[in-house]
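Next, two complexes with chain A in common: one pairs it with chain B, the other with chain C.
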Partner chain A sequence: MTASADLAAPLATDAGARRLAGLRRLDLLGLGLTLITLLAAIVFAFPLYWGLITTFKPEYEIIRPGVALWPEHFTIENYVHVLLQTKIGYWYVNSLITSVAVTVIVIIMAAGAGYAISQLNFPGRQFFWWMILASFMVPIPALIVTHFVVLSQLGLINTLAGVVGPQLIAPVTVIIYKQFFDSVPKDFREAAVVDGANDFQLLFRIYLPMNWGVTTALAIITFIGAWNLFLWPFLAVSSEDKMNITVGITQVHDAFGVSYGRDLAVAMLAALPVALVYLVFQRRVTQAIMLSAGIKG
Partner chain B sequence: MSAQNGNGSPHVELRQVTKRYGPVTAISDLTLTVEKGSFTALLGPSGCGKSTMLRMIAGLEAITQGRCFIDGADVTDLPPAQRRIAMVFQSYALYPHMTVRDNIAFSLSIAGASRKVQRERALEAARILQLEPYLDRRPAELSGGQRQRVAIGRALVRKPEVFLFDEPLSNLDAKLRVQMRFELAKLHADLRTTMIYVTHDQTEAMTLADTIVVLDRGTISQVGSPLDLYNRPANKFVAAFIGSPSMNFFGVDLVGASDGLASVVLPGGRGARARVRGASKPEGAVELGVRPEHFGLTGVDDPAAALPGAVVIVERLGSATILYVDTPAGQLIVQGDGNLAVRPGEQIGLSLVEADVHLFDASGVAL
Partner chain C sequence: MLHSRRTDYWTAAALMAPFVIIYGVLFVYPTIKMVELAFTNAPLIGPGKWVGFDNFVRLWNDRLFSVAFWNTLYFVLLSVVPGTLLALLVALAVNRLKGWLQSLVLAAFFLPYILPVSVVFRIWSWMFDKDFGVAQYAIAAFNDGQHVSVFRTIPLFMPAVALVTVWWCLGFSVLLYIAGLRNISVEIYEAANLDGAGRWAQFRRITWPLIWPVTVLVFTIQLILQFKIFDQVYLFAGLGARYDPTMVMVQYVYKQAFQMNKGGLAAAAACVLFLLIVVLSVLQYQLLRARGQR
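Up next, the complex of A and B:
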């Protein structure tokens, strides 16, 4: 062994020890962070839990002062009432129809618009692109009065079509599609053009299938958004038969006023499909949220 | 600049074609004729306009000025799909979401052919390219060479008048490239369809093509058979581009010419002779070019030695030996036998054979 190697040996051990100490510090930090996130998770999950157990309590137990983390008398009376005494069947079907319609139309329109702006050369293309970007910056609730006036002039108030209409404004979806179509190498397009494909074939047989992941992610997030929407369907519809489930919650009362157990029961039923969609497509939903936040994942 | 390619019937023709991108002229006033059934390579360094030319023939790039003809018909304003061409892209452009079968049959499906026809024609193309076992796989599950074959299959299934290849082998490793080169040559021999092939690799062009079009900055430098370009380069650009290692160039004094034979004085004072063909024979300074493999090796005091030199580096390739030799004409590259007994530092003489010496005037045109 040479003299220099002898000198290097203790140095290496020192470095190793330092690294170990560093790792231990990191581990403590990790533990702390885990505890904080766990605490945050409990804080966020508690209202859900509270809501859920409330639906299984009789009304007198709900309004009794104090905190009861578990029902004294377990009952499903609230659900029975909601399912048998309200129009929840209509509300579910209405929600399903409008949400599916919004999803399908938004995806087709946004993919088409995104494709046109990304791939076609037409006068005003840049102008349309700036318009879409600009409309992205206008909050939809700010336009809600205008929407109401326009749709009432079209005679669409109190119809399902009226509920769907304003929800079709989805600039973010167009922007995301445009970005994805931009990143498709131009050789794919040219190869298909040489093979005789027209723009519709290019969109539906090349561009959309090549970006299937984005489409599913966008479809899921659009569906969840449409299902959960409250303000517009609440304004657009007044007859109970045409209500969405989110609006239907407001109809669950009787001569004695609000019944918390029943309200929460219908809210739980309203959230159920979305929760299922979320559980099944968790990864896609996260991807979609990241997409709409502008972080291309 | 114009070029007539062989005496056969013209199949693809570019007539006085110019391509401009805004203020930049990529191709200016170029005329090219490709004869039916030929394998023509468009060869040149990157940015010379070879891909632009191919894309103009394909219809993927609009022609600023001039006309394009395929099989006698003016196709300048026709969309790519109506030109009866098929193109193989450098990236292969295989649709990742489709199986090999669907990729190959894509053009037929677009044209509305029945499923039965699609299956039959895809199978036929797959059989020619030995892709049958892979028909139900997706491109991601294939090797580079197999993907390349699928891309060719997609072109094949259209039964085109003209095949266009845009650097199709440049994404493959060296070994696979040699194999695919052989398969392309075989395919051309079997089909006898006109093929136009863009490459920057002179070996590919020399081995595959029966006609090579050398392009330089948007103009045609020379058109000819591989051996024409090697033995009789029309200018310094072609002389330098064709051949590996590249031709050596150095300045000489032209002292006289008669009967197609020119006498020059080399750096260092010794004389040499070169074959010339041009009518004009400028006196004075010209440039001499000689390929590394055309130098003869002699003793340093041998009367046949045109240039004396000292060996700097010896590279052994097995089949050949490459020498870097310092001479009065500068450092020259010399190629000799594989078992050449030369060591670095050794003094040697280099001799020249008049038929292998090329002379170029000040503008680079061969004399």
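Up next, the complex of A and C:
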């Protein structure tokens, strides 16, 4: 590419004049493009806005024809109703317990395995690494049948532990930890070993703190993934009290009759934690997505 | 090393233990068990007899399975191709913007991605609601003023679910594309500008070839992801309480195992899905490696 830059240099004055003339035209075009982009963004965000604003309307306004972008009578009655009349409290707590459990266990397991594979020499190290890379390919939804069989053998069907189980298979997390631990300079390790540190101290005092950002990013994305998961919690649990929020809001819908406002209010409450986590940790979420797609960010 | 080899082993064992136990019980065993189950006539829970390839023969002859297979392919086609192209377009548009405007626009495109599928389902079943949904104004404009029950009309079902899926998942692909676009050095564009290359020429000759590896990545990730489609199709089909005509592969596994209590047949279908995804993954790996060698 430097070659083309060199070639362009003698022509710069000539092309420069053409460029200036072109610039004004480009600016108009640029403005047009920006406006189209903005319009597209508004159209794209509209369903989300429309869903949210509907929850603040009384039912008679919701079914009135026309597109009212703001409620005439602003009400939180829909939220009050679903909070008092549905089991959303249970579902929220269940989702919170299972998602936090998945996050904590996955991080501990992945950091430990990632460290061992990256830094220690032991028989089977290569085997485990290949197994992790291979497990990346296995479609978890294909395992629903045997997951159900195994968990019922363990007596964990219709329990929160049963919901957590299959979600702990997260090979990407191990792979990312291994890669980051690989790139910690060896000097740190050697200095600490001379000071008499053992591997657990190395892991908790050096390797993990040096990669704190990665841990936060992975924890956030694991939590969001666990909160949002539908298929397995839907299969693993049948009693209303044990359901996750993603399952509860779609499966127990008839319990409080058809009401658009309430259906949407309960959905908005289900989205609230992940939306908050995203808004607070935007950069980390982006980083985690890049990492899990194999792009270092 | 001050470390003795022996303590190294013990430390490794302690650190690997949680991983080994969890993967053994919840990954290796279920995978082997799935293959074994596929060759038996077992119900969901309980023992069965070895039946050889009977289950696979039955799948081959089962009309519902071929419906599920083709529906899955159809859905993948409808969601992955437009999703990838649209993501590139959006990324190019967002990448031009600067400062807070860029963050705002990016957030608008990304936010749906972090929502649970159930919430996406609720929002869009309200958008498309036959009596009161806002999307019906647009539909009526093209349909002689008649409303259409989108998710109960079989020819419209997959396109509509694909539309919702593209809306839901676009943010992920946009992010990857933006990262890719930022990796293209500004100097190349400056040089092209000096040479008097127009926007289209710059896109055609610089952006498109240099972003190609990201396109391969986005395309294959979405391909593998959408092959495993279940949630949206199941939830939206529930609106009409009619599941068979719009069945997809994971849903077929679900139906055979959990509703028909045919564990063996379900496991066989799961094996087919499993093989398809492994082939796609190997293909992805090869494509991504080819880029590394070029």
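In this section, the second predicted complex is superposed on the first by the 231 of 297 C-alpha atoms of A that agree within 3 Å, B and C clash if a C-alpha of one lies under 4 Å from a C-alpha of the other, contacts with A are read in each partner's own complex, and residues count from 1 in each chain.
By definition in this document, a residue touches a chain if its C-beta (ideal position, glycine included) is under 8 Å from a C-beta of that chain, and two chains touch if they have at least 3 such contacts.
Source: prediction; values computed, not measured.
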Query raised in the report: Who does A:E61 touch here: chain B (first), chain C (second), both, or neither?
Result: neither
Report task. In the overlay, answer first, second, both or neither for which of chain B and chain C A:E77 touches. Result -> neither
Query raised in the report: Between chain B and chain C, which makes contact with more of the residues in chain A?
Result: C
Query raised in the report: Once the shared chain is lined up, is A:V193 touching chain B (first), chain C (second), both, or neither of them?
Result: both
Query raised in the report: With the two structures laid over each other on chain A, which partner does A:L168 touch: chain B (first), chain C (second), both, or neither?
Result: second
Query raised in the report: Which chain A residues contact chain B in one complex and chain C in the other?
Result: 193-194
Report summary line: In the complex, chain C touches chain A at residues 1-3, 5, 7-9, 11-20, 22-23, 25-31, 33-34, 37, 44-45, 90, 93-94, 96-97, 101, 104-105, 107-109, 111-112, 114-119, 121-124, 126-127, 129, 131-132, 134, 137, 167, 170, 172, 175-176, 179, 185, 187-188, 190-196, 199, 217, 221, 224, 227-228, 230-231, 235, 238, 250, 253-254, 257-258, 263, 266-267, 270-271, 273-274, 277-278, 281-282, 288
**Report entry** Residue ranges of chain A touching chain C (in the complex, touch as defined)
**Finding:** 1, 4-5, 7-9, 11-12, 15, 18-19, 29-30, 33-34, 36-38, 40-42, 44-45, 47-48, 50-51, 54, 62-63, 65, 67, 105, 108-110, 112-113, 115-116, 120-123, 125, 128, 131, 135-150, 152, 165-166, 168-169, 174, 193-194, 198-200, 203, 224, 227-228, 230-231, 235, 245-247, 249-250, 260, 263-264, 266-268, 270-271, 274-275, 277-278, 282, 285-286, 289-290, 293-295, 297
Query raised in the report: Residues of chain A touching chain B in their complex?
Result: 185, 187-188, 190-197, 201, 206, 209-210, 212
Query raised in the report: So in the complex, which bits of chain B are touching chain A?
Result: 58-60, 79-81, 85-87, 89-91, 93, 95-97, 106-107, 110-111, 154, 158
